[in-house]
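Here come two complexes built around chain A, the first alongside chain B, the second alongside chain C.
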Partner chain A sequence: MGAGHAHALYVHEHSPVHRLPPEVKIAAAFTFVACVAVTPREAVWAFAIHAVALAGVVRLARVPVRFLLTRMVVVVPFLGVAVLLPFVAVGDRIEVVGIPLAVEGLWGAWNVVAKAGLGAATSLTLAATTEVPLLLRGLERLRVPSVLTQIAAFMVRYLEVVVGEVQRQRIAMTARGYDPRWLWQVRPIATSAGALFIRSYERGERVHAAMLARGYAGAMPPPLDEPRTTTRQRLLAATLPLVGLVTTTAAMLWSRGT
Partner chain B sequence: MTPATEHALPALEVEGLAFAYPDGSEALTGIDLRVAAGERVAVLGPNGAGKTTLALHLNGIHRAARGRITVAGATLEDRTLPELRRRVGLVFQDPDDQLFMPTVREDVAFGPANLGLRGDDLHHRVAYALAAVGCEALAERAPHHLSGGERRRVAIATVLAMEPDLLVLDEPTSNLDPASRRELVTVLRSLAVTQLVVTHDLPLVLELCPRTVVIDGGRVVADGDTSALLADTELLAAHRLELPFGMDPATVRGLPPPR
Partner chain C sequence: MHAPDGFLDAPTAIATGVLSAGAVGVAIRQSRQELEDRQVPLAGVTAAFIFAAQMVNFPVAAGTTGHLIGGALAAVLLGPWMGLLVVTVVVLVQALVFADGGLTALGYNVFNMAVVTSLGGWAVFRLVRRVLPASPRSVTVAAGVAGFASVVLSAVAFSLQWLFGATVAVPFDRVFTAMVGIHAIIGIGEGVITALTVAAVLAARPDLVTGARDLGRGAAPRRRGSRRFVLAGLAVALVVAVGVAQFAVDDPDGLERVAEDTGFAEAERDHRFGDSVFADYATTGVASEPVSLAIAGTAGTLLTLAIGGGLFLALRDRRRGHEVSSDSNVAS
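Then we have the complex of A and B:
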């Protein structure tokens, strides 16, 4: 368990984007994604500007494009739905290489692909430039209820411990000749899941006891350092959401005009 | 570490402590124990004897059904609970239970921050505790990326940071490789604080603790000089304790005299 780096989404670098305070980055990413989400789908040029702006941030953050693309595979299930839309939507049809496709469906598919792609790329860039503990602290500074950030923090902390237990259980089962192929062999997996649940629950109790033993009384102590945010950093972080806002506003006016 | 005025008081006084778990099983049936300030005392006993249960009583995680616990003059009751939790530093058997913050530094700061320390005071306290266990270099690491020995020492730092009067260690050497064990023993010997060491590791007891208490069936069955106690084969056999192969307490040489 001592080996490796837990955060598969993080790229270790020292870029200006990495150095931005987490709450500023979260706010910027959130605003930008919101802008992308409300951009009218017909304004294809607006999505191009969004993409170029985001690509600029990715380049500044020195996040490898390959790294982003491979992790964007998570949006594939949504794209599956998008691919179906041109076939199932009703309304006007156009012929594409001999296949009749619904115009409305094509726009719908484009909408999903563009927004999901940009949204995922933005979140991944945030994750690639911000370590998990900092993300949580950023959320805390943005006044997310501390119960939620505490739960998330403990989840991150104990995920590896629980995964380690799962692996040990699986090895122990394999070592005794368990080699599941069919559904009726599922029982040991179910019971081991139950055992895992009990163990995790008991660990939770022990961790709570350890916290009480060190004076925990319901609230986490405030973070150790509060780094100061410079105006320059604020301006840098504001660039992406500003570009997004301006583009989206322009796209909305444009689509109303047409 | 202990203020001079408190030297007259025993670090720990336990009188008639009894406890039963909610399912009715009696874990402690009447523990009497007195530890002087600065002493290092080993607590031995077979599995299920009540050693860990006793440890969890000492800073009020479990509350006794009967009996009294006094730490450096303060009796454990609802009113004194926060102060007792500062005075008694509990080091848990599994460091994964004890280290729950994202970084080592934040984890060591957790206790003193709960005591109200902030700013420079807090930073100094963290630096002092990490230095005491030789883990200054690990401050920014994530606890789950440390080796077993490092985790154990950091776990000790997390309670040292609260400047306890009594350090209670539950199986401090379990699951450690010989070198990590050696480093841990060196750290424990270097600490001036009163220590209660719950363990099955008899060589550790002989090296670290001049005095030993044996618990079985929820009460103290023997209390005395460690070498004499470990030489009493009848007593050891009666309580499922065994010396490791080849170890004879009478012939162990080469240790610096216990403090």
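Then we have the complex of A and C:
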């Protein structure tokens, strides 16, 4: 998590997906993920269709598949949980290589793996094709309170600065031969966290003073050139959620039928 | 703690989403005055601080590390509402920009990590402050207790959501015991770091700690009824601890039965903790479920007792010490 971390997930490209207005993209991603989340877990084929649809978008966005897969490690802790489910769930059990596994747990594990994987891949595609300021602008246009988006904007802007400070503190500590391993050695870490807070806070005060000096009056000016959303773009953005919606509806009917 | 998509069912996701949105709305209204003043950049930079603080891994035991959630810390430093907003923004940015935590899981992620930790942490902080004399030292202690409690409360909140919206039939008591037991350990780390961080800020810029605003005015220490409060609190803790242990040790198969009979297992349910500690922990439980559950319950109880007892003693000692020191403060 070094310098450039804030934009580490962005893939610079010039694809139709990159050019889509951010609010449209966010809405599409949300709808698609919601469809995935409510898909009945027994409908394995539905997840396959979801995955193919998403893969199409990834292809169109020219996001390298390897990039996407390596970034998906964020869900790995939860996959660990998924592995445990067959052991701890109740209900009927089947023997796999002599180990009794709960059928219910196996389905649960599959459920977590499929949904978390597709969800993370969708969020990653969104992050990979949308720069952070645009993401926040999109949220604002989706009527997320501007207080939140403004705080988020400042947070993202100063993230690297603060994270850089953490790393310098850490290096300074290690360079002086301190490498704590136990909880009772935690004081220096916490003290530097305290120092970090004060530095961050004072930086916030300075930033605010500087902004006031430049005419800030409680809101950032809107971007100068916001391209209009064309019907074609709307249709393009609607494809993924539509496929998701149709697939999920079909899967629900199918699971009710069986 | 960042749950992915589909971890709890749709009604739970929507319900927690509505709750979270409501809480954030109230927080915006409550902190509007401060925010209009000058605090938006400040809140933003503090959010970056919390994000960075979440990256600082602290050692829990050899080879195992935990990281801060920061809700209680933010609440003590900035006040409950600003703290809530700041941690909400952190969770939001993590989901949108870093794909950490699912988009449809935002409802319960924000609820468990921002709403419960900052409001719950602040409530505990105020309660402990009320018991202890008004001194920087007791602000530190209260912040530590609040940090610990915020993590445990977050685990309890998750367990309750599990009760309603799990997608795999893992019984509630098993989830509850594992979740709360593990988070009691993680919570110690959170508590220690929260306390020490607040202490460090108090030493350098006491004016920045919202939870210690009243100290500057030289408030007289309040002592009335504090012993009774601590004793009552300890009694409650004991009852709860023993109750949880009963739950855990008492024939888990019977409970599973109850779960199935009452339709508990009918709804889909599932699981969600991403903490590696939990993973290790539950793996040890695989060999024999009732035994592992019993161990979990006993360990949890002992731990709760140890923490409760330790806190009680610590608070008592501090109070004794402070009768002298607070007097000298008044004199100076």
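Basically, the second predicted complex is superposed on the first by the 233 of 258 C-alpha atoms of A that agree within 3 Å, B and C clash if a C-alpha of one lies under 4 Å from a C-alpha of the other, contacts with A are read in each partner's own complex, and residues count from 1 in each chain.
Going forward, contacts are C-beta pairs under 8 Å (C-beta built on N, C-alpha and C of every residue); 3 or more make two chains touch, one makes a residue touch a chain.
The structure presented is a predicted model; accordingly, all values stated were derived computationally and were not measured.
Visitor: Mind checking the superposed model to see whether chain B and chain C fit together on chain A or clash?
Guide: Result for chain B and chain C: fit.
Visitor: Considering only C-alpha centres, what angle arises at chain A between the directions to chain B and chain C, nearest 10 degrees?
Guide: The angle comes out at 90 degrees.
Visitor: According to the stated criteria, A:207 is in contact with first (chain B), second (chain C), both, or neither; which is it?
Guide: Both: A:207 reaches chain B and chain C.
Visitor: Does chain B (first) or chain C (second) touch A:161, or do both, or does neither?
Guide: So A:161 meets both chain B and chain C here.
Visitor: More residues of chain A are touched by which partner: chain B or chain C?
Guide: Partner with more touched residues of chain A: C.
Visitor: Touch check for A:251: first (chain B), second (chain C), both, or neither?
Guide: Neither partner.
Visitor: On the A-aligned overlay, A:243 touches which partner chain: chain B = first, chain C = second, or both, or neither?
Guide: After superposing on A, A:243 lies clear of both chain B and chain C.
Visitor: Tell me the contact category for A:148 with respect to chain B and chain C: first, second, both or neither.
Guide: In the superposed model, A:148 contacts chain C only, not chain B.
Visitor: Which partner chains sit in contact with A:53 here, chain B, chain C, both or neither? Use first/second/both/neither.
Guide: neither
Visitor: Regarding the shared-chain residue A:11, is it in contact with chain B (first), chain C (second), both, or neither?
Guide: Neither partner.
Visitor: Check the residue A:24 against both partner chains and state whether it touches chain B (first), chain C (second), both, or neither.
Guide: neither
Visitor: Report for A:63: first if it touches chain B alone, second if chain C alone, otherwise both or neither.
Guide: neither
Visitor: What is the minimum C-alpha distance, in Å, between chain B and chain C after the two complexes are superposed on chain A?
Guide: Distance of closest C-alpha approach: 9 Å.
Visitor: Taking the stated contact definition, name every residue in chain A that is touched by chain B in one complex and by chain C in the other, in rising order.
Guide: Common interface on chain A, chain B vs chain C: 1, 6, 132, 153-154, 156-158, 161, 203, 207, 211.
Visitor: For the complex, give me every residue of chain C touching chain A.
Guide: Going through chain C, the ones touching chain A are 2-7, 10, 13, 24-25, 28, 35-36, 38, 40-49, 51-53, 55-56, 58-62, 77, 85-86, 88-90, 92-93, 95-100, 102-105, 167-171, 174, 188-189, 192-193, 195-201, 203-205, 208, 256, 259-260, 265, 268-276, 278-279, 282-283, 285-286, 289.
Visitor: Mind pulling up the chain B residues that touch chain A in the complex?
Guide: Spelled out, the residues of chain B in touch with chain A are 56, 59, 61, 82, 85-86, 88-90, 92, 94, 96-98, 100-103, 105-106, 109-111, 113-115, 118, 122-123, 142-148, 158-159, 162.
Visitor: For the complex, which residues does chain A have touching chain C?
Guide: Going by the criterion above, the answer is residues 1, 6, 9, 26, 29-30, 33-34, 36-38, 41, 71, 74-75, 77-78, 80-82, 84-85, 87-91, 102, 104-105, 107-109, 111-112, 114-116, 118-120, 122-124, 126-127, 132, 135, 139, 145, 147-148, 150-159, 161-163, 165-166, 180-183, 185-187, 189-191, 193-198, 200-201, 203-205, 207-208, 211, 218.
Visitor: In their complex, what parts of chain A are in touch with chain B?
Guide: 1-2, 5-6, 132-133, 136, 153-154, 156-158, 160-161, 203, 206-207, 209-217, 221-224
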